[in-house]
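Sending over a structure as structure tokens; questions will come in a sec.
Labels run A, B, C and D following the written order; every chain starts at residue 1.
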């Protein structure tokens, strides 16, 4: 086992374990904190995949903003800070079965794909993926339009969210 | 880079399924959104992995991942705003109790 | 390669040789060497933190016309060690209703978030943790762990003051992160790289503070807000919420928060030096002269960097001990309605001027003058605004009253 | 800049002004009107440049300015859009630019710019006036500024965009787009004071009535597209296409294809230009602010209808041999002539100063339509242009009068006096001299006062054409209408300006602001001067002094230049007699009338506009209400659709009952019962299980089904 694989497995264990905690934890704040752990694990995966920029964006956006937002939301939508009673609804058994089936189905389809166990090639020396990504995001013959559309979506969502969440003045 | 692509794919499939379970089985609406976040992250793992294991010169995977970030942020903002708004009216965020949409 | 020219690599090579001599394979030897390097770096930063306790207390005493610690050791230099002993032997309390795991994790994450930053701090051209090509973003990303630790501490304490303090702190940190990122993008644009080492090297001719004084100002304000220091110390406003998110912490857990804060402040002082004052270098080309080649020595650079960082730290302290506290709503309004738009406009202006003037001889002058012009416009707008605000409040409703008499 | 580029850019400034005002400068009044007037001035400047350049082109009718681009892919071809300036659109753009600019400027004064905000003005209602207290403590009521000042300029900006688009279009599609934008704007502007129920209703009425015409017009456009595969004027109006279309017959009324197209397009015009029987909206449209009335309902929009017919003239007249009118042309001539007379008779009995003008507009448009119907192309264009100038002048003048009267009303505080009723006026000549003289010029132009005014030359040309081509019925009808025109115009002038003031407010009326009088003066210049460019060459004494430039210029549009008519004294004498006679009679009859009671012409049938509103109400409005309420809502919606949904179970049951009754078979009976009952029971049992309103339950269910289907699919197919 190479160090890479070791780190990956460690990371995967962290992701899976904390993801399971996210969906099963009885305390919602703990769920949100476990989500942070999952997301951090995913960020490490990005780093392993040599997408350093994405790894850091993952941390900034998810842990720095989204997770905090979740914790805020959890705290804002309750009268008592502690959760009581079960946090799963009556369908959880069926849901679990379905989730397993989904995993099985995905695994089945993926494993029958020819590129399933492809190996990565080294990123050619002299190319800077970060610089390329920067150019790709603002170059007209690459992704400037989707990028701008995404930013407009974000703006619209922001305005919408503020409007929805603002208490109507009486 | 001695890790085969399959590891990432299986991990992301597992993460996706866990997220799906969260969406289907959690009572609290915020927790449902947490599940959706897990699913989106699973998708992102796939995108970045495909970028790395495919042609690294074409940046579609990374760009899509960035767009997914934006979409996720938008989704969380709107979703949580909706939840807070619902809470203000109904004083509950338990999805099962929000069952007026029936005949 | 000698110890004097490249101490870190020299020592690493030597260690590696020692381990290989013990019969280790190459990759575990590398791994162990790396881990030792990390530990050394952490110890170094913690050592600085201990020193900072003394500096902070001494400086605040001077500001307040006192002597400060002067009993233990020369100039009270050993006072921090006494403090540490005190903190360690204090009773370690975890409150009853607290969420134990989260409660105990919070101070660790808080300190870790600061120490993680040190991975990219370029202490000297040859002394640094890692030269990351996205270091600027890394700085912000790691900072978000600090936010997380605050909210964890505030929530887990099961105390309303802690929670309110945490909310205030988090609101501040998240809000001020935006102008901060923009402020960080200014050196990035000028240097054309996100690597802090690259930014430092880009300043060997001229410091960025001359090219973008407003960027420095913006960064300083945001840094103070991020730190939660006065005038932005709403999180611990003693008169309102006692001590903020760490109200329930005692002993060494509190000590971790405290050390984290001090070290964070010092780190920001260091980054001020890195981004705007040439970091470890920036001798205006002096080191290229044969008489001054010794300026490129790593140890000289280390000393230069630490001095610059300390000056930055001192400015932050200076502000802290001379400014009154601002109200929370004013503070957030200041950010959203003034600082954020200002930062964006400044960024656009910098990018534009940079792009237009980069190949010409007027580059430095143009950048500086554009900053001055921008500052002047902003001040004029503010003046007009405040005049309007005042006129609204001052003007009495007299004419109407007179009309009513008729 | 290349002329084509200027033409492309012509409509844009008003559109930009619209967006800028709506989006950004809604709060700033001075800024908004500066933007709007600036945009109009820009378009005006461009139009003038284009116009002057057209003059410089030799034989312009054949070598026009045009440019087009691919716009919509339709299969393997492209739908092109483009711009075209030929003599017709050049002359149209000339008067449109002038009148639009004048009206924009006029609006500043009309909406009381510079006056204080009203005491209790609200959005959607006309300003009620503001109370000022000077340093001596005297209380004084003055007009107040329009509460939706900026919005008005935005709307007229959009309107101007529509008009320019329509005029510079080289194809039916963009022309129709401009046409519809104007329809929308006229709706918005007529209902500008939406706080008044009458304005609301008028807006809806205008929109709905013109919509009838527009639907037919769209049909016509579709027909043209399906028949020729193109919408560009150049493609449709070439001789080859036209001869093919003229020789194709259609099953409808035995019309040729060209005739049917022309008729369908003409119905659009009937709606837009308020011809009988779709004229009812225009008088009601006077509820809008006066600049709107002037702009939409006199100078530009209604002209657009006539413009469209003129534009499609070759299509309409396809198959016309020069003497015997085609069916389509007969219809057009009939409707035009009839409308001209019919509206003139109503105008005689109206008391509202703007309504008189509204009916006069309908009548004058009838003149143009009739002229087109008899093939008098140039005469129609000529009258279109002169009419636009003098009718805009009259409308703006009437707005100025109303404004002056309102000032009087506010000054005296006597709110019972209707500032629009002519019988409340009188003697305004001394109070408002500029308005009086310009209104007099406009009125004389409308009546066709000989030699001096533009209206004389254009109207005379129509009459001469009708006479010269032997259409005596049309000629006589138009002559009578012309007489009535002169009569009611003089009635209006006499009642409004001459004599002594009949009410207190009329005594205190005041001349209006220069922003209102300046446009009046400029338009008055055109109302006189524009006639001189089209004096017939054979006219006694004057003919040939100035070359008949207009005929040369506009006539060049057509494939074959219309030949100059043989001069005949009969139509000339007729127009002299009717114009002067009408004016004289009008003055004689009304010079001493003191109040509406003394007016002999207050005949109910005229006053009530031949009861057309009532008839339409009875024939169309009531039935459609009935249709909507009783048939569509109660019958179709409630009885059929809802009943269907609600009673499926019941139907199943009654089916079962039917089976039992008719077959009397216990087996069938029992089976039917069982099916019905069990369906009901299952439904009742399932409903709370399946339909819980719980989103997650639905998701699990759908996912389960999806996975089961996927598994089955895999196992069965592989």
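By definition in this document, a contact is a pair of C-beta atoms (placed from the backbone, for glycine too) under 8 Å apart; a residue touches a chain by one contact, two chains touch by 3 or more.
Quick caveat: nothing in here was measured; it's all calculated off a predicted structure.
With steps allowed only between chains in touch, the distance from chain A over to chain C comes to 1.
Ranked by how far their CA centres sit from the centre of chain D, the chains are topped by C. Averaged C-alpha coordinates put the centre of chain A at 6 Å from the centre of chain B. Separating the CA-averaged centres of chain C and chain D is a span of 68 Å.
Remark: chain A and chain D have CA centroids separated by 59 Å (rounded to whole angstrom). Between chain B and chain C the centroid-to-centroid distance comes to 33 Å (mean Cα coordinates, whole Å). Counting partner chains per residue, chain C has no residue touching two or more of them. Multi-chain contact residues, meaning those touching two or more other chains, occur in chain A at positions 53, 57, 65, 89, 91, 95, 98, 102. Residues of chain B in contact with at least two other chains: 20, 24-25, 95-96. The residues of chain D lying in touch with chain B in their complex are 687, 691-696, 699-700, 703. Those residues of chain C that touch chain A in the complex are listed here as 27, 31, 99, 102, 132-134, 137-138, 140-145, 147-148, 151-152, 155, 158, 163, 167, 170, 174, 177, 194.
Residues of chain A touching chain D in their complex: 89, 91, 94-95, 98, 101-102, 105.
By the touch rule above, chain B contacts chain D in their complex via residues 20, 23-25, 32, 95-96, 98-103.
Against chain C, in their complex, chain A makes its touches with residues 3, 27, 29-30, 33, 36, 52-53, 56-57, 59-60, 63-65, 67-68, 71-72, 75, 81, 128, 130.
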